[in-house]
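Next come the structures, one after another.
Consider the two complexes below, in which chain A is the common component and chain B and chain C are the respective partners.
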Partner chain A sequence: MARLEIREVSKTYPNGFRALENVSIDVKSGEFLTLLGPSGCGKTTLLKAIAGFHPVSSGKFLIDGKDVTTDSPERRDTAMCFQSYALFPHMTVAENILFGPRQNRLSKSECDVRLADSLRQVDLEAHSDKLPTALSGGQQQRVGLARAMAMRPGVILFDEPLSNLDAKLRHQVRFEMRALQAELGFTAIYVTHDQAEALAMSDRIAVMKAGRIEQIAPPSDIYDRPANRFVADFIGAANIISAEFMATDTANMWSARTEIGTFKIASDENLTGKKRYICWRPESAEIVENAPTNTENTFTAKVVTQAYQGNVTDIVMRPVTDGSNDTVSIQTRKPETIRAELSIRLAPDAFSVLEDV
Partner chain B sequence: MRAYSPSNWKHTGVVLLCLLPGLGLIILLIGTVISMAVAQSVGYFNFSGPSEFSLIYWQKQLASPFLHRSVLYSAKISLLSSLISVGLAYMFAMWLRRPFPGSTMLGGLLKAPMMVPGLVAAFLLLNVIAFHGFVNEFLLWTNIISKPLRMQNDSFGTAVIFLQVWKQMPFALLVLIGPVQSIHNEIFDAARDLGASAWTRFRKIVLPLTLTAMQAALILVFIRAAGDFSFQVIVGPREVSSMAQYMYTVQRLYGEWNEAAVVAVVLMTMSLTGALLLAAVSQFLVTGRRR
Partner chain C sequence: MRRSKLNILLVAILVIVLVLWLAVPFGMALLWSLVDPSKAWSYPDLLPQKLSFVRWTEMWETTNLALAMGHSYTLAPIVAVCTLILAAPTAYAFARLDFHGKTAAQMLSLLPLVVPEFVTALFFTSLLYKLGIYAKFPAIVLGHIVLFLPYAIRILTVSFAQVRQDLIDAARDLGASPWARFSSAFLPVLKPGILAALIIVFIQSIEEFAISFVVGSPDFTTIPTILYSYLGDNFIRPNAAVVSLILVVPNIILLLIFERLLKSNGAVTVGGKG
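Moving on, here comes the complex of A and B:
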């Protein structure tokens, strides 16, 4: 277990491409931190910089308070699990796992202990003499993890380790990895572009875009209180509209005028006179039966189309008060009638206040 | 197992007949040359006496100290040439593994020696290292030496090995670069992450994963170097002959066609066993010692 501090790290590739821009993250010991962002946003670049595979242009990495910025990969207390697994194809599972301990000249008995532990932890005891090619994708992924764990590193770095597995296995491995991490207590930096994976596994998520961190927060905050339109839109479905805030008399409760009506919005910020984007999640919409017109925080909209998902129904609606052709998405348990006009209520705490318009 | 029925025989016969135009030609071309040499070495195809079976030519040659010396000399030249060529080829292959500005041009330049005839190269080298060649003239001019150094026809065969490596390295590189490049970058990163130095990564990852290509390169260079005539004649030692040179001497100077055939058979045997031995030893060194 180790604490990792990433301090104002920037990276420009030799061809002049700026892949990381002033990234700072403080990863607590034993934390499971996920780097989440679209493809090409610099996740792998950051992970490889943490591992020491390439130098950063500026900034520092500290592991347990010690500056490791200029240390080579093998001297850092980190181990990496690769997207391609990067198993040595000519070595058996056991030889793969023992590669690190042997390179570090550990005693025979210590090597044996680490091999046995790693094999048991990833449940591959029966396969130790097989070559990687004789294993399934999920098993290969676990060999990669076991090989990293045999180094007993303070921090394990994962680069989209589940992206080559099929959906069902991915779900299962998510739970296994999280359980293993909790049991062994290593600090994990986990890269993914899959928001469901990030939400399910992480203590905290750092959402990245074009080399910058957009927001770092626990999954529920990322989902319920996104910091800006990018985060709101990248994680889950979101309805984003602009709002004009007016002065208010109640503490932390603001009136906001939007193109679909006027709403009371809860927020700790001082929003007097501000123009901001706001967002709400489809599932926070409530259908109000027989609502009298002008009930607080409701608007009327017409069902345009819907998709029944079994457990829920996604409905696309067009607000009747809105002059434009914009639609909103809501989620209900049961399908509604196409073209029906519904009253929809949004609770004051259903809104997140995003950046300035 | 299925017993061979007449229809199976027929089937096999048809397959063999179909293969005959291609395979037959190959066997004919290689087979005639080899069997001619073998036949001649035991007295047939005799141009100067009766053509009949005789072991006298073998007895004569096997007793000759010149043959022994040239076998050892050629084996030494081939071994060193193949080891150095393949070693250098690995260095270049690792260097050119990932593209960088100018790497394509560099790769092309490295292959240029394949286009230069060996004899031309030998004379060029001679110009450089000869008694009044560039190197000596330069050293004299700068007063580093007062008398020209004798560098050509050195008794070890350094100049021959140099030319062999110059000429054969591109072939070895051609054979090795593909397999080396096909190793995923993340495999190198993984090994490095686990504490393997550049040398260990080469020894434990690259060598085992490119073993077959390495063996092919070693065999290729060994056999090509074993049959050398032109480099040896121009820059080789005066006191010992390469096998091809010795064979030529026996046949041309002494007119001993049958004995020359003995040398030829010995040369072919040496090439083949040397090459196979090299492949076997490298296999053992790369995979056998693995813990």
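Moving on, here comes the complex of A and C:
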């Protein structure tokens, strides 16, 4: 396990496309960091740059304080788990796992130890003499992980490793991988476009867009306190509206005028007189039955459509006070409370205050 | 039921075609090579009246077949290996690199295929004399390489294109030396292509006439130049049959051996995502 510092890394292609712009991340030893973003956001480019496959235009990579920016992939203390698994098809599982240690000219006994350890860690001892094609997708992915771990690298890089697995297996492997990482304590950089995967596995998530990092924070902060509209919208569902803040007399509590009504919003920031975007999650909305008119932090809306999901029901609604045709999404666990027109309450701490309008 | 009937029909058609295509000419060549000079095989006899090995012994004694075979079978492997080595970098570039004028270069590399061999041969010899290359063996080697490079380039381009970038990356990531990278990511995929290119160039070289004739005549003989001397004006069918059998049989045996080698490596080209 090792500490990885990414310092002001930029990459510009000869055609002028800026794949990475001034990216800086300090990954702690043993941390599980996820790079999350839509396709083309630069997350895979950054991962390949960390591995040494793509030279960067400027900036530095440091592993345990040592500058590795100009080192070739062969010499870097990183190992990669590929999306396609990239197992050598003509080699058995054991030969695949031994490839790295043998290339690094480790002694026979050391090779044996590493093979046995890796096979045990991914629970594939029974399959060591099989060819990769004889294994299922999930097993092949584990061979890929075992092969990476046999290098005993400082950092393991994951390039969307679960995207070729079916949904159920993906859930299972997600837990297994996280448990293995926690047990062995390797530093992991994990690339995915699947926000559920990112939220479930990571210590921290770096949300990327167009080569930049939009926000880097633990999963709960990313979800509950998104830094801007992009992050709020990309992670989970979010209702984003603009709000005009007024002066306040209560500490850390602000009144905000919006298209759907006036709300009290809790925030540590001084928001007096500011125009900002605010967002709230569908599940933080609360249906109030028989609410008297003008109850604080409540708005009235008509149901447009609803979709029963089992544990929750998604409802798309149109606020009655809103002149535009914009809709909001809410979620409820009590489908029996749904009427044609509903009063919705939003608690002051349900809101996140985003960037300026 | 209908399906199995259709299968039988298809197999029957295949057998008939194979008989017409292979067995009949081959059998005829064999029969003609065994016709005894004292009893001519002519209409209306369905089979020769008398069979003997006279033609074979006569051919062996009167022409320099042994020397010609020696030439052919030393030329062919040298040509095959050299062509392969020379084709590999071009094929790599066509398959895995992007550069300006790639399409034009690919078209150009195939040009020797459409120019008639005799045209190439005629101007090639004058070029060789200009360059001061008078030795016939290396001159023919060079000529054959030029002639057969397009085949090798074409076959190897397809093979190189099938090499998976993720395997190359994985090998590098695991600290592989350049040779280990080649043998783990490239070689298993290239092997069938390399063998195919070797066989095709080898057989083409054995059978090539134009360059061998124009460059080599009159003193440097290969099997085809002897064969052609029994065609045309000086047409002796039984003698030509003997030489053509000598030309063809080793090629068929070689083809079978190579095919075996290819099969034993077949599993390697499969693979990838499971």
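Going forward, the second predicted complex is superposed on the first by the 352 of 357 C-alpha atoms of A that agree within 3 Å, B and C clash if a C-alpha of one lies under 4 Å from a C-alpha of the other, contacts with A are read in each partner's own complex, and residues count from 1 in each chain.
Here, contacts are C-beta pairs under 8 Å (C-beta built on N, C-alpha and C of every residue); 3 or more make two chains touch, one makes a residue touch a chain.
Model, not experiment: these values are computed from the prediction.
Peer 1: Check chain A with both chain B and chain C modelled on it and let me know: fit or clash.
Peer 2: Aligned on chain A, chain C clashes with chain B.
Peer 1: Which holds for A:73: it touches chain B only (first), chain C only (second), both, or neither?
Peer 2: Both partners, chain B and chain C.
Peer 1: Is A:104 touching the first partner chain B, the second partner chain C, both, or neither of them?
Peer 2: both
Peer 1: So, A:164: does it touch chain B (first), chain C (second), both, or neither?
Peer 2: So A:164 only meets chain C here.
Peer 1: Determine, under the contact definition given at the top, whether A:128 touches first (chain B), second (chain C), both, or neither.
Peer 2: After superposition on chain A, A:128 lies in contact with neither partner.
Peer 1: Pick one for A:84: touches chain B only (first), chain C only (second), both, or neither.
Peer 2: Both partners, chain B and chain C.
Peer 1: Who contacts more of chain A, chain B or chain C?
Peer 2: Chain A has more residues touched by C than by the other partner.
Peer 1: What is the contact status of A:136 with respect to chain B (first) and chain C (second): first, second, both, or neither?
Peer 2: second
Peer 1: Determine where on chain A the residues touched by chain B overlap those touched by chain C, and list them.
Peer 2: 51, 53, 72-74, 78-80, 82-84, 86-90, 99-100, 103-104, 147, 151
Peer 1: In the complex formed with chain A, which residues of chain C make contact?
Peer 2: Residues in contact with chain A: 164, 166-167, 169-177, 180, 184-185, 188, 267-268, 270-274.
Peer 1: Tell me, which parts of chain A touch chain C in their complex?
Peer 2: Residues of chain A touching chain C: 51, 53, 72-75, 78-80, 82-91, 99-100, 103-104, 132-133, 135-137, 140, 147, 151, 164.
Peer 1: Could you list, by residue number, the parts of chain B that touch chain A in their complex?
Peer 2: 184, 186-187, 189-196, 200, 204-205, 208-209, 290-291
Peer 1: Would you mind writing out the residues of chain A in touch with chain B in their complex?
Peer 2: Chain A residues touching chain B: 48, 51, 53, 72-74, 78-80, 82-84, 86-90, 95, 99-100, 102-104, 147, 151.
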